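These are the structures in question, set out in turn.
One chain, chain A, links the two complexes that follow: it is found with chain B in the first and with chain C in the second.
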Partner chain A sequence: MAGSRVIVVGAGPAGVRAAEILAEAGLAPIVINEGSRDGGQIYRRQPDNFSRPPSKLYGTEAAKATALHAAFDGLRRRVDYRPDTLAWNVTPGVLHTVHHGQTQDIPFDALIVCSGATDRLMPVKGWNLSGTYSLGAAQIALKAQAVSIGRRVAFLGTGPLLYLVASQYQAAGAEVAGVFDTSPFALRVKALPKLLARPAVLAKGLALVAKLKRAGIPVETGVTPVEIAGTPDAGVSGLVLRDRAGRVREIACDAVALGYHLRPETQLADLARCDFAFDAESRQWLPTIDADGRSSVPGVYLAGDGARILGADGAEAAGALAALAALRDLGHDVADGRIDALRRDCARMDRFRRGLVEAFPWPAANAAALPDETVVCRCEAITAGELRRVARAMGATEANRAKAFSRVGMGRCQGRYCGQAGAEIIAAAIDTPVESVGRLRGQAPVKPFSLSATPLADQKGTEQGTPA
Partner chain B sequence: MNPIKTPTAQADVIVVGGGIMGAASAFFLRQRGRSVILLERGLVGQQASGVNFGNVRRQGRFLPQLPLANRSRAIWGRLNELLGEDAEFLPTGHIRICYRDEQVGVLEQYAKDARTYGLDLEMIGRNALRERFPFIGPEALAGSYSPTDGHANPRLAAPAFGRAAARNGAQVFENTEIAVVEKTGEDFLVSATDGRQFRAPALLIAAGAWGTHLSSQFGEPVPQSVHGPQMGVTEPLPYRIQPVLGVSTTVTEEVVYLRQIPRGNVIFGGGNRGPAYPDLRRSYVLPTNTMNQLPQLKRLVPALANVNIIRVWSGIEAYLPDDRPVMGPSSRVPGLYYAFGFCGHGFQLGPGVGDVMAELIDAGATSTPLDPFSIARFLQG
Partner chain C sequence: MHRDPDGSDRVGPDAGPPRHPRFVRLDETGRTPVRFTIDGRAATALEGDTLLVALLSNGAALRRSEFGDGVRAGFCLMGACQDCWVWTSDGGRLRACSTSVADGLSIATEQPEASWPVLA
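And then the complex of A and B:
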């Protein structure tokens, strides 16, 4: 009850709203944030000495961003906020963190994981050249460092973020060589009934595209990436694609921002031993959650883009809902009406989510067409040809087996960036459904951490590792 | 390697367990012209054989095990040629260092004893150690150097044996979990959980942590315990550390071993073991164990102080109370053989175990002494 130990991982829209609900109930949750400042990726707060106004940083979402920041500022005395802290592992009832080289084991009664999302990436020949960034990285460069990733940037991929980041670059004065979307326009029309679940968001999206076009930026749909051209020394020099009409063209640019919508960051859920299920619509494995965000593991809750890509508004609702679910499970009185209202919000957001998946599909078929020499795993520099070889000649038809034989997913990113594409390449190579290839198992640490780390001085040993 | 639908497959020998022991046994039985069925519950080389440290180390072993280890080392040297695949064996040398005066004496005595088993170890004093291997930390008082040992890639070795065995005619059945092993008349009948049956006049149980479950069905249970090694790997670094390094000590927490692979990553393990659950096929690295390894890694190689760890992992290993495997013929049932329970030090032995078990099953005897490993040592009365 009042003494319940609740940890929230993440201080984006979901994490902040979860912490707010918990603080309201008289708990003093621990809020773990990998970044220095709250806001998450979407409402990332700029470094202290930067002074761009919210309207510049967040555009149409400025009011929501400042509201979230204000909410968290108001919570600071009621939560145990731990910025610059990586949750590197979780064992039953214990979260393991590292902060400025000191590790700590933090026991919990409830853990609310709001770990956010990263770009979902499909390799393209040449994407390992310097000058290729994910859309998220391109956005961080702009928001946190106030720099562009290049002098002339081409945007390639699909999904709302493609247009959002391109427009942010344009607004910041960068030269945008064009926005090249792999999804055909017709899918957007088809997805309209679902997208109308959130008419205002849909209108904002359309306005964004219109604004790009008004600025004279080429916006093309239905393209097929061929290659990011360039040399290892000079980096990116162009983007080669096949356009809707079937013509192969090269667009001159010195940087490419790449991304195919988003994938949840699920390592903590995986390490917490949560069940996952294959989501056929988005062709990815997602942790299983109930309507309120309860995972399959008692006491572990998942909210925000780390569970389902609902976007920032959906994350705020899902974070609040997961916190209410945790409170209820911990024995607090929670009004049904409050939960019902949030459930309705989340259901509407989820309908919109499915509309986005339909309108901006993951280009699974591109995996089959990747030339053998395309690097798939950039950390370990392993090519599509090598991955196909272990699948076909060595019988590695399962993702972890293919990793063991080929090293795809063994590097610094632990397969977070190449895992989904790798599974598609294997599935195509042996002509099997991608779900039968499985998914890479999460292994600690969630992100690399230094051997210089030492346990916090007063750290006592805790019992861990018993099966859930 | 997909399961067949026919109700029964037959061969001269059934090997239950597709770890490095079983896969190598199947391979060498084929070399001797015996027909073989290899049955594996998951995928070949996926359990302890695939997740261990990758040590191809002889020094420090129980001395009567050295003939087997020497035989295995000879096979490691021609593994690529035998299997037609590269398991990344590198004879880089292996060094055991120690931090205490009394342990120097232990290493010296071992080096003296090992020589009578044909293993030449060079004792290196403090200053020479630093001169020849400048990456070793200043606390090391002495080192025992085995120049012809080294390391290999455990993710590749057992599967390579399995594929080579299959190419040479072994029938390999993966995803085949065995429920019942029994002797009916002259033959062994092995039944999978899905009802498939396999028949042969000889049976080798090489099922690792699941070995005692099967040996019990012949009245020969063993008192095994199950643990998970606590492994980890760093980000890639310039390739500087060629030999495998290990610490010789009586203090469990001080035990750490590491090897660098030419692509740069440093792989490490040691210290306290973690929990493993054979029934769930899961094992875990305890965060506290990883944290305990860090200072010991820095003590052994101070240059690692600011390197990043990118992954930890574990596996399921069976241990016996005397830290020796079960290997050799059954003490009760003719035609039945065992090779399991390698107590966390089986990887180096794998090829040799396969060669020896094939010889034993094919010829009825082996030139390599196996008495200390007999299952009879655990039988009451």
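And then the complex of A and C:
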């Protein structure tokens, strides 16, 4: 009970709210965070010697950002905060961490994983050219470093973040070449009933688009990406796309921010051996959770964008809810009313999430249509043609046993950025449903790191490379 | 559009001085300057810059892809893609997007004493 060892991974909105509930209950949770500062992605904090005010950094969300930062600052003496620490593996009852090259294994009674999301990426010919960044990267450059990823930036992909980041660039004085959305506008209308689950968020989204248009920035929907143009040595020089009217055009730019909404970071859940299920709406594998964030493994809880892309408010609610579930499972008294209210919040957020998936769908057909010479795996320059050859040579049955996949999951990013498109390419090549080609499993270490001066002196400098 | 006259972005020890920064500073330019070197040449960044921002404010790329498809300049900026590895002159590997630039740092855009084919 009071002596229970609870670990929270992540200090974004979900992790902070989870830690807060645990501290309130008198537990002193360990909070593991890869970054040096709390806030997570959306409320990412800038370095200490930067001076932009919260209103400039977080716009309409400034009050929420400051509240979350203040909440965590207030917790610092009641939680064991471990920044710059990567949780790199989970084995039964033990979280494996590394901090500045020093590893530590921490036993737990409950583990709440709030690992957030990364951009969901659809390759396009030329996306391996320098100057192509993930949409999230474009935002991090601006938020955390006050720089633009280029002189003239085109935003390509789909999802609400596409418009948000473009408008943040415009407001910060960067030149925006345009916002090019693969989703047709009609889908947004169709998704309205679900999007109305959060009218205020919907209104903010509409205001963003209006603001971009007022600023004279081209905003196009229903486009098909053709190619990011440029040369291997100079990088990006333009974006070629087929517009809604079927015309192929090139937009001059020296940087492309590319993103198709988000995908949960589920490696730790995978390593903890949590069950996953295929979510047909978003066409991706998600860890199975109950309404409160319990995974299929007792003692392991999943919350925030790392489980479902509910957005920042949803992450706060889900983090709190998962912590209450953990407390209850550890034998603490938790009032039903608190849980019920948070469940209602999360259900509303989930309805909105499904609206976003409907309005800004993952363009699976684009993967199937990628020209053979397109690099799919940026890490090791594996092309769509190579993947198709491997899948076809193997035959549908074997590829269904997920072997065809291994080629695209072996690079530096461990398949984070090519895995989902790779599955679509393989599935289309052998004419089988995407869920039947399986999925890439999270592998330890979840990210490569170097060991230094560990108690085992002979390990100095040993690489923990990306596993095969 | 900015482009080297010869169309190349210069990385690697023999590539000459880095030109045409890829990144554009929009704000927070009043910070204390930090001096470091890129492939032996002097460069300046600002305190609080990540190494990635420091490098791409001085040139257009970080390294050459070991798979022969051109130069690389990072991709995710959040420690997830590992596209931004560079080296210190004594051979240590750094992930540029999650490392802060520091006075006196000496950066190599090619792995010292390593030959690319080994990795290919």
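What we mean here is this: the second predicted complex is superposed on the first by the 440 of 468 C-alpha atoms of A that agree within 3 Å, B and C clash if a C-alpha of one lies under 4 Å from a C-alpha of the other, contacts with A are read in each partner's own complex, and residues count from 1 in each chain.
By definition in this document, a contact is a pair of C-beta atoms (placed from the backbone, for glycine too) under 8 Å apart; a residue touches a chain by one contact, two chains touch by 3 or more.
Keep in mind that this is a model prediction, so the values were computed, not measured.
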{"item": "First, second, both or neither for A:410, with chain B first and chain C second", "value": "first"}
{"item": "First (chain B), second (chain C), both or neither touched by A:145", "value": "second"}
{"item": "Partner chain(s) touched by A:450 [first = chain B, second = chain C, both, neither]", "value": "both"}
{"item": "First (chain B), second (chain C), both or neither touched by A:385", "value": "neither"}
{"item": "First, second, both or neither for A:174, with chain B first and chain C second", "value": "second"}
{"item": "Chain B versus chain C as contact partner of A:49, first or second or both or neither", "value": "second"}
{"item": "Partner touching more residues of chain A, whether chain B or chain C", "value": "C"}
{"item": "Touching partner for A:394 - first (chain B), second (chain C), both, neither", "value": "first"}
{"item": "Residues on chain A lying within both footprints (that of chain B and that of chain C)", "value": "380, 412, 448, 450, 466"}
{"item": "Complex interface listing, chain A residues touching chain B", "value": "88-89, 91, 94, 96, 103, 105, 380, 394-395, 398, 401, 404-405, 410-412, 414, 443-445, 448-455, 461-462, 464-467"}
{"item": "Residue ranges of chain C touching chain A (in the complex, touch as defined)", "value": "1-4, 7-9, 22-29, 31-32, 47-50, 53, 57, 60-61, 65, 67-83, 85, 93, 98, 100"}
{"item": "Residues on chain A engaged by chain C in the complex (per definition of touch)", "value": "34-35, 41, 46-52, 56, 118-119, 128-134, 136-137, 140-142, 144-152, 172-174, 231-235, 237, 252, 254-255, 265, 375, 378-381, 412-413, 416-417, 447-448, 450, 463, 466"}
{"item": "Partner chain A, residues of chain B touching it in the complex", "value": "1, 43, 46, 50, 155-156, 159, 163, 234-235, 263, 274-275, 277, 280, 282, 284-288, 290-291, 294-295, 297-298, 304-313"}
